[in-house]
Each structure stands twice: as C-alpha cells, then as structure tokens.
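In what comes next, chain A is part of two complexes: it sits with chain B in the first one and with chain C in the second one.
For the complex of A and B:
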C-alpha cells in the first residue's frame, strides 16, 4: 500500500510534515527501518504473553469474582479461565487470527506461572514476591478507561441508564443472596454498589478488547519470524486489517452467579469492539492516562494537571519511561511483565545499547512506546479508512480532507512531552 | 623505617621516568607499598609512649642547623596513615585516560612524599623544606590538569602558599636566632624558654603562616578556586591531607612550643574559628556548584579543629586530631564522588543535575555514597564526623561555651547545604539531557568503598584512633600546663572523661 500524493496536493507545512507525508503514503508515524520493525514486533510478542493472562483474568474478575468485598485471590486464575477458548485462536475460532496457536492459554505463560523467574514454589509465594504476571497493570488500564469517561461511543452513557441499573440490581441481589449484611449495605448505599458494577463492566470491556489483541500480536510475531512481515507499514497494515476484521465484535458484560447467567450489558445492546472498546482504550491509555506508575508525578498546585480531562496527555505516547529513581519504583509493572517474554533477538539488541542488562527495562519501555505509535498509526489509518477517503483517491479535495484529518491527529503530538519527535531517531532508547 | 614511607613514592616517581608505559601501575604499587609500610609502622607503634618513636637522626648541613630528624608520635601517626591512604586512593581515582600520565603520577607521588616528610620532620628547617616541596608539584598539577580557570587558581594558590612558607620561615629563623639553640631541632627549641612577649610575637607569625595554609578567614580565598579547579585526585589530596598541614602545624609548633602565648591568643583564635565556621557554612549554602559547596564546607569544618585546638585541653586537642582524620576521610570521599559525577555527567551545576539516584540510568552507587558522606559530614551519630565534632565541642565548651554553641549551630547549616544538594541533584527525575550516562565502573568504586568503610568503622569504633593519639595529646597538654598557670584554667583533666573517650 505505498501511495504518493505529492503531485496532487502541495506538500504539508505542518511541523511534522514528514510524518504526515508518510501517513499519506500508507506508512506509520514510526519510520520504516529494520531496527524499528524488530523492536515493535519483539515487543508485540513480549506484550502478547502477559496480555493472554490479562484478558482472561479481567473476564474472570468481571464474570466470577464480581462484587467479592475481599477479592484476595482474584489474580489466581482458575483452570477454567486458563482453558477458556480465545475466539480468535484455535480450531474452533469464530475468526482465526493466530494461525499456529491454540485457543487456551499460551504455553510460555503457563510455564512462567508454574516456575516464575526464580524457582517453582507454591502459587501464594509467587504472588507475594511479584514473581508473576502483574495484573495490577491491567487493572490500572481499566481504571484509566473508567476514569476518563465520556470519550464518545454508546457503551459509557449506557452505564448511567435505568436499564443498566436494573440489570445491575438483579445481579447484586443475586450475588449477595443470603448475606443480609451486604444487602443491608446495598439498601443504604445503592450507588456505591452500582458504581462497583460499572467498574466490573469496564473489566469486561477491556478483557474483550485484549482477547482480540493477544492473538493479533502472536500472529504478527509468527509472521515476522517467517519473514512475511518485512516493514513497519506491513505491520501497521496487518493491524488495520485486524481492526476492520473484528470491528463488529460484540462488547458485553455477563456475570455468572451460582451457575446462573446475568446479562448486565447484553450483546443485544449492539456495542461493538472498535467504537466501544478499542477507541476508548487508545484515547484513555495511549493519550490521556498511562498507568505507568512511578514514571512521573504531577503537581496540581503548580498547574501541571489540566482542568479538563480531555486535555490530559499522560498516556504512553507522551510518557517518559525513565522512572523516578529516588522513590525506587521500578519502571512500570508492564515492563517487568514483558521482560520475561522478550525474544532472544531483542535481548541481544538491548545488551548492545546503553547499559545493557542494567537498563533493559527502560530500553524495552522505549521500544514499547515505538510499538504503540505503530498501533496508534493503525488506528488513525483505520479511522481514516472508515470515515474519509482512500489514500489513492484521485480527487484532490478528498486527499486534502485526508490531510486535514491526519494533521488534526498529529496536532496532538505538538506538545513538548510527546515522544513523536523522539521516535523519529533511532538513538532514542 | 620512616624514611621508607617518604622515599618510596619518590622512588616511584623516578621509576615512572624510567618505565614510561607503566606509570599508573608503578604509582599504584609504590603508593600501596608506602601504605603497607605505614600500616606496619602503626602496628609496631607503642601507643602508651607519649614520646617520639622510630627516630631517625642524620646530621645534614650543620652550619645551618639543618638535620634530617624524623620521628613519629600519636599526633603525627593518624595523619601519616591518612596521607598514605589518600595518596593510594588518589592514584586509584585518577582517570585512566589522563593526559601526560607520567608527569601526573610522578607529581602526585611527590606531593604524597613531601606531605609525609612534613608530618614526620622534627627539625623546623626540614619541616619547612617538605612544607614547601609539595607546593611546586601541586602548582603544576593544578595548572596543567585543572579546570577552565586553572591558571588563575594555580597562581593564586602559589602566591598564598609561598606567602605562608615565607612567613613560617621568617618565624622559624627569628625564633631560633633568639633561642640561640644553634640548630632547628624541635626538641632543642622546645627545651628553651622565651619571654612571653617574644613567644606571642613568634606565635602570631606562625599562626599567620598556618592560618593561610588551613585556611582561616580572611586568608581563605585561594581555597575554593584551588579545590574547584583541581582534578579529582588532586582535590582529594588538597582537601584531605594537605590542608591538615596547617592544623598539624598549629598543634605541633603553636600549642606545643608557645604555651604561655597560646593562652593569650586562644580567645581570639576561637573568635576567628566561629567567624570562619559561620561564614564558610553560609557561603556554602549559596553555591550552585557542588564542588564549591564542598570547598566552603571544608573551610567551615576545619575551623572546628581550630576551636578545639584553641581550647587547649586534653579532650579538645584529642577531638581536634580526630576531627582532622574525620575531615580528611570525608572530604576526600566527597571530592571523589563529585569527580565521578562530573566525569559522567559533564557538570557539577546543581541546576543541571537531577535524579542521579535513578536506579536504572542514574548513578545510584555514587548517590548512595554521597548521602552517606554528607550524613557523616553533618555529624550524624555512627559516623566518623560525629565523633570528631563531639570530642571537639565537648572539649571546647569548657573553655568557650558561647562560641562552641554558635559553632554547633553552624553544623546545622552543614545539613542545610547538603540536604539542598541531595534534594536537587539526587532526588527527582533524571534530566533528559543526561539520560544516557555511562556506568560507574568497578575500579572507580574502590576508593569510595574503602573511604566509606573507614568513615563508618571509625564512627562506631573511635578507639582505633583515640588509643593511639590520646597519650600524646595528653602529654602535649600536660606539658603546657606545667609551663603556664593561666592555661591550667583551660585544662581539663583527662580523668574527667574516661567514659566519653571510650565511646
């Protein structure tokens, strides 16, 4: 999909004209270099394994743990959810994206859950030592989406409807049946319980979103290893095609209480993956609020926190992944999670740069940032495809409309904190 | 045996000239050998004997009264060990890629040898020779390998130090002439008794000479420039040991030889010390260059030594010696760490340094050591600085309570400027323009680790030093009291502090 518009409309005068032209030519915001490709694909692979855990556990919490007031074991995934068939992998898949893999949990994930990075020991010790997948990261992503409400779509407004409240009410009463204390509390503070159910709905939303993304990333890694993805645009186009393929996947929230199904958000509501999960996720986590603990703290009194939520710009596309060392905080839980599953070629690559093993978490954080710029490029291209015109449209007015769209998207990266400038250079590590 | 620890570094300097490709190795070996012999001497030292030990006496130029007399007592022993140690560590702290390594290492060894000679010399002219001998190599070390303003700093250093030497020489010559001893041997001069007015005159001359060396306000202006412009190993030697020649001289030649006059000048010295302490601390707070802050902190902390010496009692003089050791270790480590920071980040400016404690890409080892050293400098218990200040202030309080309390207040200012450095340079977010810092290599950590161990060890077990020093300092003060009824007012019997000394 290499297309040029240079002869049909004049060059862009945007600050990021090179990036705009690249997008217009069917490329990504990330420059197309073998090094970038290796980094983003390696990171997709390393991200996909913990993501396979995230989506399963998110659904487990949304569907089974639900309103447990003391959910001490919510990260202890039962076998049922490890075996849960991914709808986009395995022989029985609705739409098989990951061609080589099974529908149940990834073997590398199972091996890591068994042994951890240290030694085989009872699950509780793995948990307490953080020698496990850090589900806290996934929960923080969910909270970011929930906190940044009102980002468009129909899913979020639905959570405030009377229909939703009635569905939640039924589930709450069923869940606490025979528990007069909790039912009494519910009587006293109904909104508090409804609020918890809304959060559970976002657990489900994110779980269903990542259920798609995990096989997408696994497949991209397999294709790269097989030499079938040869450039950054190839990778981006695979994502764009994947987005379109699963755009209509239903987003819902089901709860299972004592074997009975409660549809808090039924599939019949018609909420779909692209508009109700993917776009809010990208907006909340990529742009507005990355749950990257310890990367930076903000001083509200110094007006470092914007008054409007839409002006937040603390997502991964803006984050400085270098942690604040004085607090001794590791550079995010996700980086730790990905570190366990890095392909060998990335380990070798990181060893050669900066401080090698000593700052590998930061290096992979930067690679993650690059890979998320590629995902964001795919989303921008998908939106352009859905809302505007083909890149090879012969009409200059249409091409200009495309350009206006690209420029308005890229305007969001004019802020000094944005890493778009940095990722243009290979030296940013 | 004492000669060996002076001449081993000189031999090393000569060997460097003969074997040009192994200058660092030779410097390291000879400095290590000198340190090893010093440790052997320390092990053989009889700490119950207040007199000179390991005496070496050779007649040299008899018409001038210049004899080669070396000796070691409890006053010079800790400083000799400190000098040998810092020389070794200074060699280790030198950048492996230093320009003109042969000359650099040779000059470094010569400085170490000269300072060693000055601490061991018991002939005033011999002391003067060694005292002046370190001047030329230090001048060259600053002017060739120094920072941007090295020429200015080196010239200023040379002028002040030469002036200090000239004043001392004038004092020594006129004193020997009046005393009519026929030589410059310390023991001969100590045996004479001059009238109080002459004592006062000679003491003032000597005070001026050593006051410039220490330095005291208002003769301090050479120090910040020299310390800041020097390269790391030279700063370590300058701040760690060379400055101790001044305080050592005050005890050895001032308090030891002019007891009557000392009583008269002591209150004035205490006054100068408190002015120096407060001035140095306040100026240190105002600095934005870490090395300059440390330089002014050195001025303030050495004034505690002067206060303790001026009190002139057994506890305070013991504290003064301990504080010299503490100051030497702490300052050397601070300069070593700042040197690493500058080498890695390219700056010492607080405005440009943030988040160095960053565990992934910062300098966590250096940051941790810096906090430890600054705590030691601020007198936190459990570290060597606390013991030095505790003994010094406890002793000086008996003679100058108000001044001691003000000096105690100035130790609080130490915490202020060091907390400012810690807060700005170590905490917070690593500046993005220094995000790709090179790693601190293993060999670069060695000097800091050794110094940090000593700082903690001597903080929890001060008797290691005190047991070797106390008899000599007690004898020194006891000698003073026999000669002066007035000073007896200032003297505190050592038996009043048995528990305090065995911390």
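For the complex of A and C:
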C-alpha cells in the first residue's frame, strides 16, 4: 500500500521524521530490509517455543500451585498442562486463523524438556542443573506488570475492589482448609495473603496473553518459510490483524482447589486481552520495567532514576544488550531460552558476524530488540487504527491527528538510551 | 488511561458532513424504541446480532433514556477478520464494547455540541466534536443524527468506536 500523506500535509519536522513518514506510509519503526525481516521472524520462532512453556506454566501456577508456601515444583509442568489445548491453535481453535499444528505443547519444546542440552535424564536433574526453560524470565515479566500496576484497563483497579477481596478470601480459606497454622496467619496478616492472590492474578493475566502470542509467532515463522511474509510491513500487519482478532479474548483468573473451581476474576467482568493484558504488558515490559540488579549502579538522588514510574525506561526498547547480557538477569535468561530454538538460517547468520558463536547471545539480543520494535510498531499502528484514522484518510485534519499521534509515540524514543536510532542501521549487532 | 494512549487527543475538523436521516419515516408513526428502530433498518444487521449475543436487548428496551451511537454494518466490516467473531464468542466482553456506544440520557446533537465529552455506560469518556459543521464522535463521523426513539435517541456512526 502506498500512502501519499506527504502531499496532503507538510513533512514532519520531528527528529525521527524518517520513521514518522515510514509509519504514515504503513511501515514499521524498523526499516524494511530482507536482513531485518529474517532476523525478526527467526527470533519470533525462537521465542514462540519457550513461550509455549511460559504460558502453560503461568496458568499452572495461577490455577493449581496458587498459594503453596513452598512451591519447589512449580516449574515441573504436569502432563495435563502440556496437553492443555491452546485456545488459538489446533483444529478446535476458538478462532481458526492460526490453527496450524497441534493445540498441545510444541514438539520442539517437548524434545528440549526431555533431553535438555545435556542428555535425557529425570526432570529433577535437568532442573537442578538449570538445563531447562528459564521460567524465571516469565515470572520477571509478570512481576514487572504487577510492580508497575495502573497502566490502563480495568483489571488492575479491580484487584483493589471489595468484590475481588471477597473472591480471594473464599479461595484462600478453601486452599488452606484443615491447615490451622496458615489460616491463623491469614487472620493475622490478611493483606499479605490477598497480595499473593493479586500476584497470582497477574500470573493468569500474562499466561492468557502469551497463550495467544505463541501460535501467532509460530504462524509468522511458517508463513515466512512458505514465502508468504515478504517484508517487515507484512510481518507488522499480520500482528496488527492478530491484535484486533483477539482483542476481545477474556482475561480472568480461575483457581482449582481439590477439583473445585473458584472464580477469583470471573470472565463476566468483561476484561479483554487488548485492554487488560496486551497494552499493560507492552507498557510494563517493553518500555518501563525496572533496572536489573547487578547491571548498572544508579544514583537516585542525582535523579539518575526517574521520580515517576511512568517515566521508567528499562525495557527491551531501551536496553543496552551488552551489560543486560550478564548472567542470571531476566533478559539473559530469555536469550538463553531462545538460543536453543534458533532456526538454522539465523545460526549461520550470527556465525558470520562479530565474534560468531562467542557472542551469539548478544547478537541474538539485538535481533530480539529489532523484533520487539516491530511488535511495538504493530501496537502503535493498531492503536492508530482503533482510535484515530485510516492512513489514506482524505481529510488532512485527520492525517494531522495521525501525525500528532505518531510523533507523540516516537517522542518516547528521543531519550539517549532508546535503541530506535541504532536499529535504523544494519551495523548495530 | 494507559500511557500509550495518553497522547491521543481530539481535534476540531472543518470538513462539512451531510447529516442524513434515513429513518425519519419511522417517526411518523407511534414512537418505536431503540431496539425496534435498529431491527427495522437493514443497515444494522451486525449491530442487532451483537446486541442480542451480548444479552443487551432487554436493557435497550427499558425506559432509559439512552443515547446510542449506532455503527452501521459497513462500520463493523472495517474491523479486521476475527474481531467480531471473538467478541460474539464472549458476551461479557462484547457487552463492554457495546456499552461504550451508549450514554445515559437523551442527548441531541445540540446537547452533545455543548457537552463536548460524555461518559459511556462502559465508564470511559467519549469525546464529541460538533464544530465547523461536522458531527464526530471520537474517530467516527455521524452519518445520521437525532433519530428519536421512545426511550432515547440514536446517532448513526460510520465506525465502531473503541475505548482509549
């Protein structure tokens, strides 16, 4: 689609005018090059496999592990959750647009869970050797959402309502039935328990969010392999359509205690995937999060850390991949997870650049950053589509409103840490 | 409001829009209610189906009064594939989107021009722009205004409006 916005309104004078004009022409923040397309699609595929574990385990923890005070086995996904049918994959999918493949856990994931990178052995040894999916990354994303809170939507305010507290109270009492010690503690410190339930609700929120994203990313990889996604805008538009298609998917929190269902957040609340999960997720994880421990020292009194949480800028769109690639911190855990599932074309590509195998995690991290700039572009274009006007709107005032929206979004990348400048060049690796 | 949405503003648009009233014929007889008007018009097939799926028929037949911004079939057709299907599968979520199109009280174009912003039954605000001969509700244009019903008033819009 060629859009001729430039002839209807004067060119943008924004610092990132090239990017603004690209967005107005239906493009993404990421330049449309075959190299960029290969990197982002390869990373979506590598991300989708661990994500298939993340969403299943997030729901398992939210629904079954729940308030276990010593949840030592929460990463030991039971067969029931490996078989759990993804609502958006398989032949019985709610929406038959990404239904290719089975709705149960992905074969590559099952193979990795069985063998790890070492050898086939009982699950406990894989766990202790840390030869497994780094579920800690998924929990860090959940914690980022929970810690930031208040990022729009009705889900978060609902957690402070009396109705929610009553639902949580019923579940807490049922869960600790016959356990006078825990019930006594609950009586003494009720808010502490409610707070844990709120965290569990965010586990559910993120699990339901990623349940959608995993098949979307698998499908994008398949379409690219089949030559049906040919450009970065193709990839972005696939995501935009996906965002709309599942926008109304319910976000809820169900808990199963001794087989009985407790609706802590019922579906009837009307919470939706777009407003209550996707947008808060992007805001919390892509933009804000918090500085990762051990990566850099900040002096808060010298205002090196923003005074307002809304101004935090430690997400993937701002990350310096080198220090963030330090051992043990969430983004590195994800990079390590994705490393196991990279398609061959990306392994070959990374071998040719920088230090080849030695810094593949860093190269992969930069590609991931590019892929998330594409996802963020899709979110920005979807919001423009939902709240503003078509890119080919004949009314110049509508086009100006679109322009102002794009510029205000891109303003967030003016700060020096933002990687928008870097990803414009292929030399950023 | 999400920070991502925070920069979306409303603007004054000078382009004139012709206000059509294809349903005025209905007004000649005894006053039908909002649902009856929608059902009797071929342009609201999707809207009527959505209202039924969301279980809002009874509510919209109640005395109200309500102001309804009613998207046409063409407005729903502009949404990407799957959007309406997912909503119809999930009535509470569908009801929420539909409630964003309803305001308590009977508000004519003149009333809305004065108010500039109204609160939807969903809880979110809806900006209205009636300056310079246009009548826009959020990012939708009103194609038929002030269709009176027994229990409120309908303004027909050319796009499904969404919260944010």
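The rule is short, and it goes like this: the second predicted complex is superposed on the first by the 405 of 429 C-alpha atoms of A that agree within 3 Å, B and C clash if a C-alpha of one lies under 4 Å from a C-alpha of the other, contacts with A are read in each partner's own complex, and residues count from 1 in each chain.
By our rule, contacts are C-beta pairs under 8 Å (C-beta built on N, C-alpha and C of every residue); 3 or more make two chains touch, one makes a residue touch a chain.
Small disclaimer: the values here were computed from a predicted structure and weren't measured.
Asks: Name the contact category of A:361: first (chain B only), second (chain C only), both, or neither.
Replies: First partner only.
Asks: Where does A:138 make contact in the superposed view: on chain B (first), on chain C (second), on both, or on neither?
Replies: Neither partner.
Asks: So, A:405: does it touch chain B (first), chain C (second), both, or neither?
Replies: In the superposition, A:405 contacts chain C only.
Asks: Considering only touches as defined above, state whether A:152 meets chain B (first), chain C (second), both or neither.
Replies: A:152 sits against chain C, while chain B stays out of touch.
Asks: Just chain B (first), just chain C (second), both, or neither: which does A:247 touch?
Replies: A:247: touches chain C, not chain B.
Asks: Kindly classify A:46 by the partners it touches after superposition: chain B alone (first), chain C alone (second), both, or neither?
Replies: After superposition on chain A, A:46 lies in contact with neither partner.
Asks: Quick check on the superposed pair: does A:320 touch chain B, chain C, both, or neither? Answer first, second, both or neither.
Replies: The first partner, chain B, only.
Asks: Which partner, chain B or chain C, is in contact with more residues of chain A?
Replies: Comparing touch counts on chain A for chain B and chain C gives C.
Asks: Under the stated contact criterion, what part of chain C meets chain A in this complex?
Replies: 1-5, 7-9, 11-15, 79-83, 85-87, 89-90, 92-97, 123, 138-139, 162-164
Asks: Which positions of chain A touch chain B when the two form their complex?
Replies: Chain A residues touching chain B: 296, 320, 322-326, 328, 331, 354-355, 358-359, 361-362, 429.
Asks: In the complex of these two chains, what residues of chain A are touching chain C?
Replies: The touching residues are 94-95, 97, 151-154, 240-241, 244-250, 267-272, 275, 279-280, 282-283, 287, 310, 379-380, 383, 386-389, 395, 397-398, 400-401, 404-405, 408-409, 411.
Asks: Chain A touches which residues of chain B in the complex?
Replies: Against chain A, chain B makes touches at 355-362, 364, 426-430, 432, 435-436, 439.
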